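Below, chain A partners chain B and then partners chain C, in two separate complexes.
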Partner chain A sequence: MSLFIDAFITSTLLAAFFSIAALGLNVVFGVMRIVNLAHGEFIVMGSYLAIALALHYNFNPVLSLAVIVPFFFVVGLLLYFPIVPRLQKSDDPEMGSFILFFGVSFALEGIAVQMFGVNYQSLSYSVFRPLHVSTLGTTIPTAWVVTALVSVAAIVLVYLYMYRTGLGLQTRALMINREEAMANGVSVNRVSAIAFGISIALAASAGAFSSFISYPTTPSIGDTFTLISFAIIIIGALGNPFATVVGAIVFAFAYGYTDIYEPNWSALVPFVILIAVVLARPQGLLGRKAREF
Partner chain B sequence: MDLSLYSGETLGLIGPNGSGKTTLINVVSGLLYADGGSLLFYGSRIDRMSPHRRSHLGINRTFQIPHPFYGLTVRENVDIALLFGRMKKRTDLEQKSEDILKLTGLSELSEHRAGSLNTSQKKMLDLAKALATEPRILLIDELAAGLNSNETEVVAGLLREVKKNVDAMLVVEHVMNFIKKVTEDVVVFDAGKVIFSGRFADAVRDGRVREVYLGTVRSS
Partner chain C sequence: MGTGSSPPASSGSAGRGKSSSRNAVIAVIIAIIVVAAGVTAYVLTRPPSTSSKQSITIGTLYASSGSFALSSGFQLSGLKYWINQTNANGGIYVSSLGKKLPLTLITYDDQSSTTTALTEYTNLITQNHVDILVADFGSVLTDPAIAVAKEHHVLLFDPTASTPGYFNASNPYLVDLSIRVSSQWPLVLADYLVSQKVNIPNVAIVYSDNAFTQAQAQTLDSTLVAAGITPVYYQSTADTSTAQYATLLDSINATHPDAVLNFGYDTNDIAFYSALAADNMHFNFVFTIYSGLEYAVLKAQTPAGSLNYTYTYASPPDVQYSNVNLGPTTSAFVSDWTGVFGSAPNFNNIAGYNAGLLIGKMITTAGSLNQTSLRQAANTLSGNTTTLEGPFLINTTTGAQHGMPMDLLQYQPTSSGLTPVIIYPTSLATGTAIYPSPSVVTQSNVLVYSQPAVPSLPLSAYSSATTALFFQSVLLYDPGMSTPAIREM
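Presenting the complex of A and B:
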């Protein structure tokens, strides 16, 4: 029984982390109808920045968010303007985005190799004291709990942005119907650029914690993060940011339980579920034929 | 083609399917950019201006097939247009949206989700949203298509009311009866060209217009 509870707690924390890791990818898809295949590389970049801040300034990763969030938000804005409006003018922005961001992901991986080398790096659990917390008869690292709490806070903030601000209302309008939103005076570039900035900032924030709860940081692990994030948003529903949480829960529990009971299968089972979802409900678990938000 | 819309004018635009009526509305409202030529709004060129900036200037349109923001309520739909259509600070948001909903007969549906409306209600909501952006020029794309004769009557009355609040209106329509009720001045399109411009009553007697609508007319 304790194994079962163990798996439950781990999966819950993992679901929170996966949510923040994948949320930005879905925001970008929802607003811009493009897929950022370099999404995972921004998680890796965030991770390297958090590690550097810990090494040189003794920042714990929560504190480092004060640097990471604004820095990567600006990186997102700077990337948006030369790339996305051009893509959107092409005949097939979705396909174009695959190819373009595939290239961007290689470039970023190359930069990471140059700057940080190819060795595995991780933040130490000891940045948080006490090292462990015990609950329901199991002991888990404090770092995992902090990761999950930060993830939940980030999701709540994005929710408040989308549902309680004027820009958020414009963002939702743009997600539902682009042409109609433009006719109603919604500034596509302003709203999209901010959404892109938020997406990159979210990815990098997830990166600040990724070396605790998922994989140690190396330049090549970005692809894995992209793959997991993409799987999660497909399971949840493409283009509906808050369905990401549902996708993350499904993915994390599939992974968490297999990892404890049949570790050899843990890399496989979540993707079998992905295939099953794609076959049975191609619009995703929360997807509707007509998108509503 | 060469087309002018004057202040105070309501111009009907008619023509067979594929003659370019909706394309013209798309070019004026900015969803399509013209390959050539120029587009002037009160004397300034706006050919390359993005659609939301044209909305801020005071150009707006309705859609042949309206797609409101389905997941939002009728009122939220109108509020978006009120808030962002002209980018003005608003203190009278509630009163404004109430007025517009009342004018378009949507008051009772204001808290319903836009996705649950029927076709004619969606068309009214589309018009309400266009009005909420306080257009100086309003482009109406086949508002009467698919409405029954009672509804057509009501909508024609509504447009006559709307006319008082905008500088000028361009009404694209298939239903001749509807055009007649809204305006006397018409332009007839065929294959992207203006083939007639003048009074509606003269248009129906014009040889080329009849040919375009009815096929070749043999003189007897």
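Presenting the complex of A and C:
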């Protein structure tokens, strides 16, 4: 029973982290119908910035978000304008974006190698006190709890943006029907650029905590994050940002419980679930919701 | 009008003549193109003439990115260091050419990708016609080279791939230079655990799902079971993240082991130690591979105090060989390297350098760059050569390495930091194990131990008598043999 609870708690915290890691990817796909294959590299870049801020200015990762979020939001805007409008004018924006961001991911990995080397880097748990908290007979590091809380906060903020602001309303309108939204005066470029900036900022924010709960930071780990993020948004529902949370829960629990009973299958089972979902519900577990914005 | 509408007979004849001469021109052009293409292909692909040879080309791959970037870089820098040293001394004398030749290094980046590696190994052989082919780091990136080298009858010099299945009598084009086959790594460890059966009755083994670590786990498991110790947990894992290892450790902890042995690569070990700290768990005996092979990396990337009182394989530079007959002693090399790079070398640096040393000696011994002669030279050197990495002893049929033993050490905290103390085999021990390991609690940046740290223990060097004894008493263990051998020292 204790093992079951241990796995439940770890999987819950991991699901929260996966949610913030994958959320931005789904926002971009939902609004712009483009596939950002460099998503994981932005997580890595966020992680490197958080580590640098911790090393040089003693910032803990929560504080570093004050720098990371605006910085990567601007990076997103700067990346959006020369790339995305051109892609959307093409016959097949999805395939075009697939190829283009594939190149961007390699470029970012190369930049990371040049700037930070190939060594593993990670933040110390000791940036948060106390080091551990105990609940339900299980001890977990405070850093994981903080990671989960920040993830939940980020999801709530994105929800408030989408459902409580005028820009959010326009964003949802674009997700539902681009042509109708344009006919009703939605500024596609403005709304999409902000969504793209939010997506990159979310990815980088996830990166600020990634070395605590997932992998030590290296330039090459971005591919893994991209793969996991894709699996999660497909399980949840492509184009529905909040289905990402459901996808993350399924993915994290598949990892967590396989680790208890068949650890050598833990890298396989979540992707078997992905295949099963694609076959049984190609639109994702919450696919119908995507059309109810 | 009629004449205008029908061409004259002579005109038709002239047309056919023009047509046939045009065809002849086209045929000549095609022939020229074919010949030119053939000549070009020949010039591009022919082996360089040995008589005009100006240097010995060494071809290898490295990974600038990906999972193996770190270890690959360490190995390559060791090899480069040897090449620079050799060139500073004028190169290597090749008796069949009657002159000393400098070394030229050709490298390609495989980015830790086996498919890229396959292409680049092929390029090194077929395009660059390298004289010496050296594999990239580890089993995964060496694997693609084995078949290519064999197919082209090129000897593959393998610095750090140790998967037992690679070495067999049907492939004479592979020789293991700097690392013993992985199935033999845990023999000393197993022997120690058997000797501590009363104190350490419950053993948990977890291993990463790949050939290198699986071979070690299997040898350890079978040896322990044969000695009456059935591991309470024996499981492979595909885990690489901290959260995954945390769950795995919960499962292991539920079996109440005295010893937890994690066989993985550096990423696995980092996640393992991070998860130990995350779960706030403590075991009396913790063993990992890479805390010894890449101590500085593990120390830097794991929570403070993680490596205290843990166990790992003892290998150079922690084990130092003073009685060598090829190249510098371990301590001299460490000193030279530290002087150049500002930090001490790790095992993979030494493995790269050691590979170079042995390659150089093989060329000198063979007297030529003929691949079969080089393989013969490896057999000649086997059993009577000791380098900074220990005795070079290969199975002369398969090319598998049986020298370069992996002993057992424990990292013990002292006033000057963590000290690697060799605890087994007893004949080589520089101290005794502190067991059960005191629990370490990280508070702020201060480590608090449940018992006082032990005083620093000096490292001693392997003696010549010990090395000689090793050669006499080692019982070769091959995958095909029925009984694993225990090294008696």
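Everything that follows uses one rule, which is that the second predicted complex is superposed on the first by the 291 of 293 C-alpha atoms of A that agree within 3 Å, B and C clash if a C-alpha of one lies under 4 Å from a C-alpha of the other, contacts with A are read in each partner's own complex, and residues count from 1 in each chain.
The rule we apply is simple: a contact is a pair of C-beta atoms (placed from the backbone, for glycine too) under 8 Å apart; a residue touches a chain by one contact, two chains touch by 3 or more.
Bear in mind the structure is a predicted one, so any value in this text is a computation, not a measurement.
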item	value
First (chain B), second (chain C), both or neither touched by A:N264	second
Which of chain B and chain C A:L169 touches, first, second, both or neither	first
First (chain B), second (chain C), both or neither touched by A:G197	neither
Touching partner for A:V188 - first (chain B), second (chain C), both, neither	first
First, second, both or neither for A:D6, with chain B first and chain C second	second
Touched chain A residues, chain B compared with chain C	C
Which of chain B and chain C A:P141 touches, first, second, both or neither	second
Which superposed partner A:E179 touches (first chain B, second chain C, both, neither)	first
Which of chain B and chain C A:G247 touches, first, second, both or neither	neither
Chain A residues contacted in one complex by chain B, in the other by chain C	none
Residues of chain A that touch chain C when the two form their complex	2-3, 6-7, 10-11, 13-14, 17, 109-110, 113, 118-122, 124-126, 129, 131-132, 139-141, 144, 212-216, 218-220, 255-256, 259-260, 263-268
Chain A-facing residues of chain B, complex	29-31, 50-52, 55-56, 60-61, 63, 67-72, 76, 79-81, 83-87, 113, 115, 129-130, 132-133
Of all residues in chain A, those that touch chain B in their complex	166, 169-170, 172-173, 176-177, 179-189, 290-293
Residues of chain C touching chain A in the complex	64-67, 69-70, 73, 112, 206, 209, 235-244, 246-248, 250-251, 254, 266-267, 270-271, 274, 277-280, 297, 300-301, 303-304, 442-445
